[in-house]
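Two complexes come next, and they have one chain in common, chain A, joined by chain B in the first and chain C in the second.
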Partner chain A sequence: MRGNGTNMTKISAKNVNVFYGSKQALFDVSLDIMDKEVTALIGPSGCGKSTFLRCLNRMNDVIDICKVEGSIKMDELELNSRKLDVVRLRENVGMVFQKPNPFPKTIYENVSYGPTIHGMAQSKSELDQIVEMSLKKAALWEEVKDRLDEIGTGLSGGQQQRLCIARAISVSPEVILMDEPCSALDPIATAQIEELIDDLKKEHTIVIVTHSMSQAARVSQKTGFFHLGKLIEFGDTEKIFKNPDNQQTQDYITGRFG
Partner chain B sequence: MNLVLISLILLLGFSSYYFGRKKATIIQSSQRLTALPKFYGYYLAIWCAAPALIIFSLWSVFEPTIVKNFILADYLDQNLTKNELQLIYTKVKALALGTYTGDINNFLDNSAGKYIQIKNMANNAKIVIVLAALILSLSYAYQSIKKNNRMREPVEIFLKWVLFTASLAAVLVTIGIVFSLLFEAIRFFQSVRIFDFIFGTHWYPAKTFVRDGQPDPELMKDAFGAVPLFAGTFFIAFIAMCVAIPVGLLSGIYLAEYATRKVRKYAKPIIEILAGIPTVVYGFFAALTVGPFVKEIGNSLGLEVSSESALAAGAVMGVMIIPFISSLSDDVISAVPQNLRDGSYAMGATKSETIKKVIFPAALPGIVGSILLAVSRAVGETMIVVMASGLAANLTANPLESTSTITAQIVVILIGDQQFGDPKTQAAFALGISLFVVTLFLNVIALTVVKKYREKYE
Partner chain C sequence: MNEAKRKLLNKRYRAEANFKLFGQIAIGLALLFLAVFMYKIFSKGYTAFQKTWIVTEVHYDKELMLIETDNPSLEDLENADYYDIANKAMTRLDPSLPEEDDRQLIQMVAFTYEQEVKNHLLKNPSLLGKIVPIRLTASDDLDQVHKGNYPRDIPEEDRRVNDYQLKIYDMLNERGDILSKFNLSFFTNPDSREAELAGIASSFMGTVFSILVCLAFSFPIAVLAAIYLEEFAPKNKFTDFIEVNINNLAAVPSIVFGLLGLGVLLAVFNLPRSTPLVGGITLSLMTLPTIIIAARASLKAVPPSIREAALAMGASNMQTTMHHTVPLSMPGTLSGTIIGLAQALGETAPLILIGMVAFVNTIPGTPVDPAASLPVQIYIWSESAERGFVEKVSACIMVLLGFLILMNLAAQIIRHKFERKWN
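On to the complex of A and B.
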């Protein structure tokens, strides 16, 4: 699968260290995420890949004891700075979680949530349009267009996850972070999401954390392998999976540990 | 005597446990046991003690009635009323026990002799029958152990029945209380029309008091109108909720969402101390501090304030209920799954937006449930209103006047001397059952709402 990237760096992380209290979770991670590409982060559980992902939209702020050091730049904007407007950042960097987490509200309200709090729509019809566009992009429109006023939590797992994707893209973020988006889904729903990721990368930069190496190989252009809080190897997906430089990467990919 | 018998049964029970266990180890040497040795012990102990104790308690329950019937059989031809018969029986018993001080006639004396005789006979018979039952069941159980029958099932079944009996007792007591309320209330409604009670606007039971004789039915009609009490109850509960809901809810939200772990660790117990203060303390706080304070402020504003006002009682009651609402809403808000918060934050929502638009709606059913439980507490609260809101049942919507509640009136009716069978006394039961119906209704709604909320997230 070839990337359609513009070969521009979207996010550049330099020497990122993360601490939970006294425990260090990430050691000196540096990597560049390319614009309009899918970057996959793989590695065994507890290796720090989700922690790194959460640095990119400052979700670690929610955890009191978490401290992030180093520099993360997105288009010249320093993300790891006290002065950063977190609300603006999250408008620009959407996130999809491991477990589908639609709000216990209607499907319409779920998707219109972001545009409403950011004041993106001037009128009801404009909002309707955003909701329709987002659901269409998330390949959910056909399934729910007649029941937008039903509760979002009543959908199937795969539909809920696509609803969460629709919610994330409703504010047209430049970057979408996905934290194991398919781990709670069956193979068919997983295939739908993967297809969707392929579509989304035309307009968005995507960073996906996944446990499934085959998924990383299918959807991504760049892959980073994390182990014990360190970024072991980072490069083109094809290279990582066919001919990795590092023995540990090789071992993990061939299933010898992890 | 009874104490000795019970101790004997229990002692035998305990020793048969060890005996049964020992027997099992002997059986073990020749064949495989059907259960652990201790089950043999339990089995023998149960069969030893349970039948004997059951017969003992049944006997103790029915003996007095049977003895009474034997004694009173001699008096049946005298055409006495039930109350007179009861009086005679009391005299006979007193005479037999040597505590009687009135006139003694032959007839009574005879009966007392007969009473002592029957009582002795009954006692001996009881001991014989109970011990016989014990020996019979014990030997049956011993045979069954010797045959190495299955031991686990009977023990488990017995335990099940013990637990069942405990819950049955709790249920029966509840039903009993409700029915005693109900019967007295029905007797009340025989002398006061239910319509007058529910819709009457004038509560003044004292005026029906007539020495020796039936009160004037016209007076009755106008003395037991419960509307002022219902109005007063809900009015004070309303004032209490005006204090408790905002403060309780906001502090609950603060504790659940904003407070750091350290603040929460100290603040929550302190708020909950409020719930541990006895209501009588709140009562005199309301009567001696808040009441005069309200009056002073009112007077300085040129308002006429009675020193026992609905406002003072309601406000203090509200303070009492704050921890109730704050603690429950803290719990339901904390129970909202973290991933909903994450979802909202990741969309760029601020903390207050997240609370307002995601967490609060998700927790709303639980919060409503906790508020309804709090209301039913406010409605049933007694001490504060007795001490601080006055006892005159005024029908008023002015929080500065004194008013009275259902609970306060029940207290007024039932303290001091009262005559059973008097409508004034029975009115307490009618009030009690209406209060019971109201709080039951509130609790049922609250629990249904809370349950629905639980189903959604678990």
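On to the complex of A and C.
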């Protein structure tokens, strides 16, 4: 799968250290995420890949004891700065979670929530349009167009996750973070989401954390392998999977540990 | 299977059977107590919902009423004298009775008989000059005799109803002139010194006003405190300290709050004594921690994934809380609130301290009018020596229990109807 990236760096992380209280979760992580590409982060459980992902939209702020050091730049904006307006940041960096978490509200309200709080639609018809566009991009429109006023949590797991993706792209973020988006889904729903990721990268930069190495190989252009809080190896997906430089990466990918 | 193993297995089965049996015994005992309690109250109280009337005839005689005009206006009727015709209405039951013994008959009806005679005419002015049947409220002693609550076989000098009155009663009863009807006045009358006239209207309204005041004070304060503590406050020693103290507040005996109401609301702020306003504020101190604890628990029960979803969409903390967390926690908060109010409903001690135990024979129209409350009314009536109040106490308990059951039912319905299943 070839990238259609612009070969421009979107996010550049330098020497990122993360601490939960006195426990260090990430050690000196530095990596560049390219614009309009899919970057996959793989590694065994507890390796820090989700922690790193949550640095990119400052979701770690929710955890009181979490402290982030180092520099993360998105374009020219320093993300790890006290002065950063996290509300503006999250408007630009959407997130899809491991477990589908639609709001217990209607399908329409789920998708229209972001545009509404960010004042993106001037009129009801404009809002309708955004909702329709987002659901179409998330490949959910055909399935739900006649029941937009039904509760989002009543959909199947795969549909719920696509609804969450529609919700995330409703505010046209530049970057979409996905934290193991398929781990709660069956293979068919997984395939749909993967197809969707391939489509979305035309307009969005995507960072995906995944446990499935085959998924990383299928959807991503760049892959980073984390182990025990360290970024062991980062590079083109093809290279990582076919000819990794590091023995640990080799062992993990071939299933010898992890 | 060897012998030891079989033994062990049998022992385990036996232990389970025994445990089940003990559980069933416990439930049986609880139900038995409840049944005895209910039977006691209902068997004593149901008669209070019946009222006894004596039917007689009254002659609206213009002369005796001292009306001089031919065409008296309503005002003339208002100012007329009803004493003689009311007395005559009673003495006509036994014309052979010497005049000096009139009181014997008059004591058989409530002391408001003159008023009742008057009201009857004011309602139908055309009855003037006619002899018409009228029903008068029986005295509480006769009422108790009619309901069979009064032993007739004790010596006459120990009885409040003498032999002559019993003879008249039996005669009237045989003629069908003793009526037993639904006791509407129990619900529409304020308290009275006379059992046959006493009703729960003033204490019922007092309770309603107290609960409304309590709700108005405690709900907003408690919900705001809970939201702040749960969603915004930093987690540190100071907030831990506050949490411990809220829990302590919930365990403080209610009479202490009564003293606080007396010392602060009445003595310092000079709020009107014996009013539902003061009662409600005092009760809200008790309800406050209950609602805070319920609201915090239901805020905690909202899964973090919903908060994360909203935050990740770029909602501010405030928006996340107001758009998502608080609406989702409302059913739990509301049912906790109703349970807190139901507790406040049955509270007696603090209300006695702030003076809501006073004898109130008016129906309060606002929260700043003096009033009693249902549990205090029970207390007041249970102290009365007259037999007529015994059934009133039970009846008042029934009304209070009905109120409580309704509120708990509402809490249950809210919980069931709006409870969300998190997947």
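Quick note on the criterion: the second predicted complex is superposed on the first by the 258 of 258 C-alpha atoms of A that agree within 3 Å, B and C clash if a C-alpha of one lies under 4 Å from a C-alpha of the other, contacts with A are read in each partner's own complex, and residues count from 1 in each chain.
In this section, contacts are C-beta pairs under 8 Å (C-beta built on N, C-alpha and C of every residue); 3 or more make two chains touch, one makes a residue touch a chain.
This one's a predicted model, so the numbers in the text were calculated from it and none came from an experiment.
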Clash or fit, chain B versus chain C on superposed chain A: clash
Chain B versus chain C as contact partner of A:180, first or second or both or neither: neither
Touched partner set for A:194, first chain B, second chain C, both or neither: neither
Partner chain in contact with A:91 - chain B first, chain C second, else both or neither: both
Chain B versus chain C as contact partner of A:233, first or second or both or neither: neither
Which of chain B and chain C A:62 touches, first, second, both or neither: both
First (chain B), second (chain C), both or neither touched by A:37: neither
Identified clashing stretch of chain B versus chain C [8-16, 26-34, 80-88 or 98-106]: 26-34
Overlap of the chain B and chain C footprints on chain A, listed as residue numbers: 57, 59, 62, 64, 87-91, 94-95, 97, 99, 101-104, 113-114, 117-118, 153, 164, 167-168, 171
Residues on chain B engaged by chain A in the complex (per definition of touch): 260-261, 337, 339-350, 353, 357-358, 361-362, 456
For the chain C and chain A complex, residues of the former touching the latter: 234-235, 303, 305-316, 319, 323-324, 328, 420, 423
Interfacial residue positions of chain A with respect to chain C in the complex: 57, 59, 62, 64, 87-91, 94-95, 97, 99, 101-104, 113-114, 117-118, 153, 164, 167-168, 171
Parts of chain A lying in touch with chain B, wherever the complex brings them together: 57, 59, 62, 64, 86-91, 94-95, 97, 99, 101-105, 113-114, 117-118, 153, 164, 167-168, 171
